[in-house]
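For clarity, chains are labelled A, B, C and D in written order, and residue numbers in each chain start from 1.
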Amino acid sequence: MSKFDIDEALIRKLGLLLKETGLTELELEKDGQRIRVMSQAAPATVVHASPVMNTAPAVAAAPAKAEVSKNALTSPMVGTAYLSSEPGGTPFVKVGDRVTKGQTVLIIEAMKVMNPISAPANGVVKEVFIQDAQPVEFGEPLIVIE
Amino acid sequence: MSKFDIDEALIRKLGLLLKETGLTELELEKDGQRIRVMSQAAPATVVHASPVMNTAPAVAAAPAKAEVSKNALTSPMVGTAYLSSEPGGTPFVKVGDRVTKGQTVLIIEAMKVMNPISAPANGVVKEVFIQDAQPVEFGEPLIVIE
Amino acid sequence: MFEKVLIANRGEIALRIHRACREMGIRTVAVHSTVDADAMHVRLADETVCIGPAPSRDSYLNMAAIISAATITGADAIHPGIGFLSENAKFASMVEEHGFTFIGPSPDHLSQMGDKVEAKLTAKRFGIPCVPGSDGAISDADAPRIAEETGYPVLLKAAAGGGGKGMKVANNPGELMESLAMAKAEAKAAFGNDQMYMEKYLSHPRHIEIQILADNHGNAVHLGERDCSLQRRHQKVLEEAPSPALNADQRAEIGEIAVKAVKAMGYRSVGTIEFLFQDGKFYFIEMNTRLQIEHPISEMITGIDLVREQIRVASGAPLGFSQSDITFTGHAFECRINAEDPVTFMPSPGLITDFHAAGGLGVRVDSALYAGYKVPSNYDSLIAKLVVHGKTRNEALMRARRALEEMVILGVKTNIPLHQRLVTAPDFINGDYDIRWLEKFVGI
Amino acid sequence: MFEKVLIANRGEIALRIHRACREMGIRTVAVHSTVDADAMHVRLADETVCIGPAPSRDSYLNMAAIISAATITGADAIHPGIGFLSENAKFASMVEEHGFTFIGPSPDHLSQMGDKVEAKLTAKRFGIPCVPGSDGAISDADAPRIAEETGYPVLLKAAAGGGGKGMKVANNPGELMESLAMAKAEAKAAFGNDQMYMEKYLSHPRHIEIQILADNHGNAVHLGERDCSLQRRHQKVLEEAPSPALNADQRAEIGEIAVKAVKAMGYRSVGTIEFLFQDGKFYFIEMNTRLQIEHPISEMITGIDLVREQIRVASGAPLGFSQSDITFTGHAFECRINAEDPVTFMPSPGLITDFHAAGGLGVRVDSALYAGYKVPSNYDSLIAKLVVHGKTRNEALMRARRALEEMVILGVKTNIPLHQRLVTAPDFINGDYDIRWLEKFVGI
């Protein structure tokens, strides 16, 4: 079994490159060899005063939300989301449905007004993040249409 | 399955490389072997709360002092340093003088007691940092004997 | 008492309200714009709702979003804070129509005092002293008599005026007709209308305001005055209580007038009646029908938690004390710390790399800052209030100096250096300043 | 008044003294060990002198170094702070011999109260109630009579004793002789000496202390009591003022006794007389002839700046107020925040990566911490005092809870979680605790 023969000069060069470019991570791979260097550049290490300690769940939830929201249709307003036009009715859409642009996919009630939310484009419903009659905030991911 | 045979020397070398380059993570892979080292370089990037703003001169002075003190004889006590045994007298030593171990090179007055400070080794006086009758604090560089 | 209060605001005042709720055992709902997701009041609240994007009109001024947030979280009451919707009668009505309590005055009082003309008429009706002058346009023939009644110097103002055009001062009867003619000519040229009106000219007034607090049961008290004369472009910078220009008799007299008016109006909640004060006389400017940024200095000298009381009276509770229970102890200053250049006053939003609040005896910091927080560019630049209290004005002033030395805010520029200059300025030390002093001092 | 004061201490108390000096217009000299070069009080002081290496004996206990530092900086007076040399009569004498003012009592009072036996005799002589008992060793024959005079239950203690050996409680006459015999046997075995003495046994006392303040002109006042019963291994953890166990009459009575004694002794400066308090009676423990860590809670309820007054009287100024000028307003708590594991109580020195002090109305933080500061392992673990004041005990308690939620100290472990448990513990909420309560509560 061959030993690692490390190329110190290369690592030093990568270190300098990181510093120079402000990058925080760099990975190279070639012929079964791989080298990865990281540097926690300043901004990332600024310590956040964290009354966060007391609201850990709220904060922990945030990144997850950010992740799922990438391609999601997000709520344009605060309110209560409904998946069907009446309690217990057939949902406007469900996962797997093909939808056309402009088609109502759910309703958000705000200020006692029902606001239809329509599909921004043709596509297939990949995911529905919310339950019927669930309160939603501004920017909250609702469904994914691809 | 073969056991890990860890290459301690390599790890040590990588550790030093991290320190030197300021990197925080380093990963190498070759022929199915992979090694990754990390270092939370944190302390260097911690932001210092700085009532320092108001005492900027005091703080700025510190590093300079640290610099000169490398080979210096430092004050073992708080007090007033005298370069000669009486006001206006001949200084115990001056730059360029050859001194022998144990020879009095200056006096520090503390609590109305004159404390002779002697040369720790034979050598030549390279520098005298203080003025006659100057107050000195603990650890303050006095003279350099080389 | 309320179980859950929605705080329809941001920044230090949202945190201030959160703290009061917390101490009363009331759960809090923070609503916030997208850029405020990491704000201190959001981090500390029991529940949070994002109500819109960064621009205020789409979030903190978005009435529908705020009402919806109250609905989905099941809040009992909405505290509007300061600014934004706090003096919006329509919002207050909407809040009440949706079955929530608006923590503030009735919508009627909001609109009454929100209209400058009606506010002045109301003030007059309820015995609050106003700037004397003509009640409308004057003729050349009437001018001398009205000026005599008003008292010289008088200010001649174009009815259609603005920006100082068609505005002249007459210091005595000899100057009156010439000044009037000049002002009319200017007004004619500028606005095509030479109608003029007249009011007393105040050359060196102080800004003095009376804090009042009233419940739904006809009880009202005042908490003395605040001197807010240090202003730049109508923005208050450093306030103190009590005013170095008032004595106890003047305080009691104007306080009594304020309380009587508030009772007669049937006003409830906290409020402030603002006056210009010159040569021992008060002249009504306006009434602020909400909490004020500088409320802490009144709290410091009276020991009364104004936000707690505001919430209490909104819940229908009667005031727990009367005027005779209120004693004034010591002296307080508030330094408004803004994220701005201390010389050019240009706003300086950005990442707070370091925040260290002053501490110790008699020092209070109201701030939603923390190291790592990003001051958004979307809202106003007030980032901290440094409030000090001492047994005497001098003690408080010395305390302000040492606290300013301890305060560290890095990453953005702040006006701390301006405050440090102010607390060592001889005129300020002597309490010898009026509303024009600060602009002269900073040379802007 | 002094021009320049040398602060012979470190940490939050050095900062506390610096603040008082600053507000009095007095220049400060910070002396520090090598590891404290970056400490807050050093950063803020007008002048700094490094007096030695990290170990206290070579720096903060190094009398010669401190006197020399005062000499080279030309200080007028030395404030010894708390701990270190603050109760050292030799140091106080030395300070005075070198022509500086010692900001504290006379050396005589320091030695008098520093000697446990003499302190108790002095207390007795000046009418301060002590734990009753035999004045020396007892015989079997005398025991019943002395026990009767002392009042059951009584504690039998080996004269040569320590560590609980040779110590027995007798609850009534029937138990006395048997307990005495057992205690003697134990004492004989443990110390080779069976001499016994007797004192009243207190099964559930509170620790209550009276803050006094006296000048050089025969004036003295008390600032009421502090309840410091929450202790673990004799270390106070959370204090409050006033005590929930005392009424106004008891306060006035013990206060008057303390003031009378202090006047009779000719004592000057601040000081604290510590008592055990049980079943409505006070029993002298000791007198602390210095400032105390928990002094802020007395400041909060009286509005008196104790450090300022201490410096004033040391300069020879007379007290500016008398007992009748002192009024007690509201309630205060102090949470001592230590760098230690909240469960095991193991010290936790290290780098503070984040520090965010609680703020707002009624909250005071005394702390020398800042983000980036390294808590050295050489000194004690107290890193912050969170002090809250409210109009009622309940208001202050609610405030303590919300302030503890806001307090952020990262990088080291702290006992904040313990304080959070304490302020929600039913016994504590009810004020129902004695000096043994906390150790039971934490199970140690």
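Heads up, the rule we're going with is that contacts are C-beta pairs under 8 Å (C-beta built on N, C-alpha and C of every residue); 3 or more make two chains touch, one makes a residue touch a chain.
Quick caveat, the model's predicted, so the values are computed rather than measured.
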(message) Touching both chain A and chain D, which chains are there?
(response) B, C
(request) Averaging each chain's C-alpha atoms to get its centre, pick out the one most distant from chain B. (result) C
(request) Take the average of all CA coordinates in chain B, do the same for chain C, and state the distance between these two points in whole angstrom. (result) 55
(request) Indicate the whole-number Å distance between the mean C-alpha point of chain A and the mean C-alpha point of chain C. (result) 42
(message) I'd like the Å distance between the centres of chain C and chain D, where a centre is the mean of that chain's Cα atoms.
(response) 44
(message) Please tell me the distance, in whole Å, between the geometric centres of chain A and chain B computed from their C-alpha atoms.
(response) 50
(message) Could you pull out the residues of chain A that touch at least 2 other chains?
(response) 46-51, 54
(request) Note the residues in chain D that touch 2 or more other chains, in rising order. (result) 44, 353-356, 370-371, 405-406, 408
(message) Please output the residues of chain A touching chain C within their complex, sorted ascending.
(response) 43, 46-52, 54-55, 58-59, 62, 77-80, 110-111, 135-140
(message) Quick check on the complex: what are the chain A residues that touch chain B?
(response) 1-4, 6, 8, 11-12, 14-16, 18-19, 25, 27, 29, 32-40, 42, 45-47
(request) Can you check the complex and tell me which residues of chain D touch chain C? (result) 15-16, 19-20, 22-25, 44, 296, 299, 303, 305, 329-330, 354-357, 359-367, 370-371, 390-391, 395, 398-399, 401-402, 405-406, 408
(message) Looking at the complex, which residues from chain B come into contact with chain A?
(response) 2, 7, 10, 13-14, 17, 20-31, 33-36, 38, 40-42, 45-47
(request) Flag every residue of chain D that touches chain B in the complex, lowest number first. (result) 31, 34, 37, 40, 43-45, 48-53, 59, 64-65, 67-69, 71-73, 98, 351, 353, 355, 370-373
